[in-house]
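One chain, subunit A, appears in both complexes that follow, with subunit B as partner in the first and subunit C in the second.
Moving on, here comes the complex of A and B:
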């Protein structure tokens, strides 16, 4: 029996710690692939410390965690003392009230906080950007407080109540009594509550996600937008360091408690070590808080303008793989501007983020039909083309497009096609007959489907021979029916996750944007791109716009102008592998891209492509409803 | 006569509608050793905490040195307390515990050191300054607690059952020690205990309390010899309490006989409680006795035997150094000074009957209580 217990304990430990072990091993792996260990390296760590963005994000997370811990500890301790002094009945009621936020689902807390902040910030105070550093801090304090209270309360209850009386008896005011006596008694509770708050705050995603503005983003929230590419190895290195930090903190705390316990039982002579250690911990926490506050004040004193750009993931050259770091180049040219990038997954997601409000965004790069919709929803500002003189380089065919007929709101960024990415090892060339490949039962379970209503319906419409801009509900119903038929064959509905799945050959067929397909083909040679010319395909344009929540319009126009420079545009396309709406840019692109038929299909091929137009709000909703029904809901049916 | 230092006037205390103290009136003189004595829940600790400033009375006043101090917080009163479980600060060593009050008062370091060291000598803990308080025995902790309070040179020291946690031997030693310290330093002690022996042996004045009311105030001898009612008579020592009738001054009738006594001032034929202390009863041969009874049980107590004797269906406790076996018929004599007469009170009939007294019976009830817990 004893032996079984021991084995079970060991098994549980293995179960608990093996994920961390894998992560640590991965952080030292020379190979790019997690699946085989190719050799030991510390490069990931070196790279981590060279990556300013990651370190800044980590800094943000640590700063928020430290401040949230400090505030929670201070207020939580005071609250616990207050609650403790209540009558037992009342105390019980208050304690269960403070415990509720802890058991409340994070997502509920997050959404309600977000609502509150936007309501107070935008609605009552008239702030343009109501979600910011402070809202994030308040949110973290909200979930940290109950943990501190929960940890401090038992210490107060264990404490001999007459200690307070004794201190007051000896001349202490109640405040002095707290700092001279009670604090020492409840310190272990404060420390463990603080450490809990710190670790919870450091890795909180769900609540943070809802209360994060564009200015101040923490690491977990940013990591979430990394779904497009497999997480880089330097991130493993960072997580390893984080894990070790928490691990050491926890071990130190436990040792401290163990020593304190032993001391109480068998102390024979004086040992000031424990007290000194406690004072050190208290000092350390105080120092961290001071540094944090200093950092905050210092950090807030920005003389530079912050330009908030919201872009698709992986949609601007960032200096990796020998490409130009566009943001860096821009900031070097205009040192008074600091670019702050954040990301969205789909046009629809961008639309809802902007209409929810509470954020500041200066530049967005949505697609054609969405620009049309945003114009009609009064969500875009007219551009001042005096500040965008590079607009002259834009090819005539991209000027005055259908989605912005007078060309008042947008400057084209890229254009491209939607086709099918497939794996040549597993897919028979003979099956490449058209969009019906996505309905081919031979590949059931190996097909990915694009996860947005517009592109999905577009594919069905090409297949069924309807216009992609049809508003005929009977036709739309037929498309929905078609998509529902496809559902049993589909492995997953994806957007950015497509990268990992296709590169790892977990699926073989997926419709996606040509430029992204090029990127995946660079990673896996067996991938190829197929454009169903006969049935037709979507030709889309992404264009730069300024939303109404913009605060730095002039800087935004400078940025748009910068990106429209042929040389910059060309360098940018090298990275994102799309077509540039500026012919002159082709000269600055690498040959294989400039001549690629995927990036720049021939005129006759292009003639078969069609562009999405914005359908009415009613039809958009109708399509969205049909799409959800066809792809999501029946998963439970 | 020393001057009056503390006076409690009509002190009433209520918690959640329950009356804990019921118009307490009491004065405490300077340099006096006054003990609040009573069973648990009698209100003695509450009274002490009100004097210390830890509780605010529902009504009534506390006067200190002629000034009403109801609203003065504990840290501004010239009073210090020795708490029931000492309440020493676990994060400080012996020296720092004792120095606590002086340091809060911001006295110069040399003076603190000097006064603490002197106090360590007073409580016989010289050389223990660096020791951690958790490494001390109960008695040593007790002395640290006393030193910590006394080092501030308070006018009054409040002691809340300070010896309750010590074993019997140590308790006796500490009683003498406390009395010595009190006399040496000339400080007023207000002492709370439920141990009547402790109260009698240490105090100048004993205040007997029950149910939130003062039952009797007096010198230990007076309290013992002249209890005011059945509660005091029973709580202080052992007493046989009988129903009697005061025929006239110095004449009381009970058990169908008239006895001479030393009490007077009762109404003719007033019903009274008659107290006879077990150790005052003289055992004589049956034919010489005022009363004749049969021994029903004998318990050896070391110094004496406790015997239960039945007189006409009523059982008395008698303490005697001579052995009388169970079933023996004995006679007793009562001298006038052995008989104490009390007015009837709410406690009449509740105490002083040993009908149910037996060693076996005690054990049985204890077992039963254990099972219930």
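Moving on, here comes the complex of A and C:
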């Protein structure tokens, strides 16, 4: 029995540590993919320390964790002393209150806090940005406090009450008695509560995910969006370093505790070591608070304006692979502006984030039909075209578009098509008959489907021969039925995750936006693009707009103007591989892109494409509901 | 006099918890009962819930299964750790804690790399001639992800109960002629019941509400309630329906933990270090 126990324990530890080993090995990998070790390198570590954004995110996480720990420990200890002296009945009530955040699922806590902050902040106080640093801190303190209390309370109960009385008889004031006697007795509880709060706060994803605004983001929340895009190896390098750091800290903590424990056994009185230990801990808590406050006061002191841009993933040249780093170029030209990029996955997600409220965004780049929807919902500001003089370079055919007839709200950014990306190694050319490829049972389990209601319905509509702008509910129901039929064949519903999955050949067929497909084809030469011309395809325009929650309108217009410069637009397209709405930009693009049939299809092909229009709020919600039922809920099964 | 004063120390805390835990739940209730477009009072969000019952059932099933597996795997480990010397206990305890401190997103992602069709395990299987298996995007993969992530939450409370167990009771049982198996069934197991129930709760609650694990390791048929809530808030633009689902999830969790507490005896403060 003992032997099997030991073997099982060893196996469990292997089980617990294997994934971490995988990540650590990946941090030394020259190749991009976690599954394929191509060679040893330390470059990722060098890259990591050059990546200011990543380090800033880590700094944010540590800052929040330190502050949350400091506040929770101080506040929680005082509260625990208070609760301890409550009448038993009342104490029970308070303890069940304390238990609410402990037993409530994180997602409910996150949702409830974010609704509260937006409801009170935006709804009642009229704050522009009701989800910010402070709300994040409040959330972390709220889930940290119970850890402190639950760890301190048992120590208070174990404590001999006559100790305090003795101290006061000997002339201590209650405050002195607290610091000289009680604190010492409950210190182990405080320390363990503090450590738990710190680790929980540092690694918290779910709650932070719901209460984070656009300005102050912590590492785990950003990693969530990273894991949707192809993840960069330097993230694994950071993981490895954090692993080492925490390992060393834990060993040190344990050694200290063992030592203190031994001393205590031998002396059983307020020993010197105890005093030193106590001072160390008090010093640590104070340092946490001080460092945190210091960061707040000095770290936030920026002369520069922050411009919050929300963009699609992989939709602006970032300097990788020898392209122009657009944001850097912009910041060099306008040194008083700092660009803060965040991402959304689909038009619907962007709409959702903006209408949920609580965040500040200055520039967004939605697609045509979504711009129309936002105009109708009063979510966009009119642009001042005096600040966007490069608008003159935009081709006439892109001016005054159907989604913005008087061209008051938008400046086109890119245009492109939606087609099918497939792997030539696994997919038979003869099967490329049209959108029905996505319903081909021979490829069951190897098909990805685009994960947003509008594009998914569009594909079903082309296949069934309906208008993509139909408002006929019977037709829409038929589309949902078609999507439900497809579900058993679909491996996953994806947006940005498509990159990793198609590049490492986990899946073979996926409908997606042409430019992104080009990017993936550059990574894996077996990938090819197919545009189902006979059945029709979506032709979209993405355009830059300024939402009503904007705080830096002038800087936003400068940014839009900058991106509309033909040279910049050309350099940008070199990376993102879309068509530019500025003819002059095409001359600045690399030849293979400027002449590519995928980026710039012929007039004849383009004539077969159609654009989505905004239908109505009712139909939009109806479609979203159907999509949910067909793809997530088996409601049509 | 002193007592009265220190009672006051708890007032700010009580206020804080009221404002940031109870009131937000009230706001969730408010959203659940209003219409997303007009903001008028409606029951339609709650009426739609019937459709979500299969997903809810699936979430409960998966998380119960993973809680049980955690118990079966975690109990021997906790038992083993509790019977080491003090230093070994500290070290092993630390090794159980350590994974909990590392990014759970990345650790789950590592499982994707291990399990996927073109992943590390399948490459190995192919190399030794077994051939590729469908590992990822199965209910098993989701449960594995849950077990992996939440196993420490089972081991720690079990360890805490087992380490406090009075050795003399075991000796007494043995002296009175119990076989080791009988001692375990009659003495050790009954005495570790509080730890078992607190462990099951601590695994069940995060597992039933997760969305990342099922998004990464699950397929199109393993949608969980957390996925839906996340989607409704972040993409579906229907926070009202999302709020209604959150309420259901919360009610479910409170009922389950209530049952657990009844069996496990309500000890104040189940968490330990």
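Brief remarks on what is shown
What we mean here is this: the second predicted complex is superposed on the first by the 607 of 637 C-alpha atoms of A that agree within 3 Å, B and C clash if a C-alpha of one lies under 4 Å from a C-alpha of the other, contacts with A are read in each partner's own complex, and residues count from 1 in each chain.
Note that contacts are C-beta pairs under 8 Å (C-beta built on N, C-alpha and C of every residue); 3 or more make two chains touch, one makes a residue touch a chain.
Quantities reported herein were computed from a predicted structural model and do not represent experimental measurements.
Shared-chain residue A:223: touches subunit C; no touch with subunit B. Look at A:506: by the touch rule set out above, it reaches subunit C but stays clear of subunit B. Contacts of A:13 after superposition: subunit C is touched, whereas subunit B is not reached. Judged by the touch definition given at the top, the superposed model places A:192 against subunit C, while subunit B stays out of reach.
In the superposition on chain A, A:74 makes contact with neither subunit B nor subunit C. In the overlay built on the shared chain, the residue A:478 is in contact with neither subunit B nor subunit C.
Once the two complexes are overlaid on the shared chain, A:172 sits against subunit B while remaining clear of subunit C. Residue contacts after overlaying the shared chain place A:180 against subunit B, while subunit C stays out of touching range. More residues of subunit A lie in touch with C than with the remaining chain of the pair subunit B and subunit C.
The intersection of subunit A residues touching subunit B with those touching subunit C, taken from the two complexes, comprises 168.
Looking at the complex, you find that subunit B touches subunit A at residues 52-54, 73-75, 79-81, 83-85, 87-91, 93, 100-101, 104-105, 130-132, 134-135, 148-149, 152. Those residues of subunit C that touch subunit A in the complex are listed here as 2-3, 5-14, 16-18, 20-25, 27-28, 30-31, 36-37, 51-52, 54-55, 73-74, 76-77, 79-81, 86-87, 90-92, 94-111, 113-114, 116-120, 123, 134, 137, 148, 151-152, 180, 201, 205-206, 208-209, 211-212, 216, 219-221, 223, 226-231, 233-239, 242-243, 246, 249-250, 253-254, 257, 268-273. Residues 1, 4-6, 8-9, 12-13, 15-20, 22-23, 26, 33-35, 75-76, 78-79, 81-86, 94-95, 97-98, 100-109, 111-116, 119, 138-139, 142, 145, 147, 149-151, 153-154, 168, 174, 192, 195-196, 199, 202-203, 205, 210, 219-220, 223-224, 227, 231, 235-236, 239, 242-243, 246-247, 250-251, 254, 257-258, 345-346, 348-349, 351-353, 355-356, 445, 452, 487-488, 490-493, 504-506, 617, 621, 624, 628-629, 631-635 of subunit A touch subunit C in their complex. Residues 160, 162-163, 165-173, 176, 180-181, 184-185, 263-264, 267-271, 275 of subunit A are the ones that touch subunit B when the two sit in their complex.
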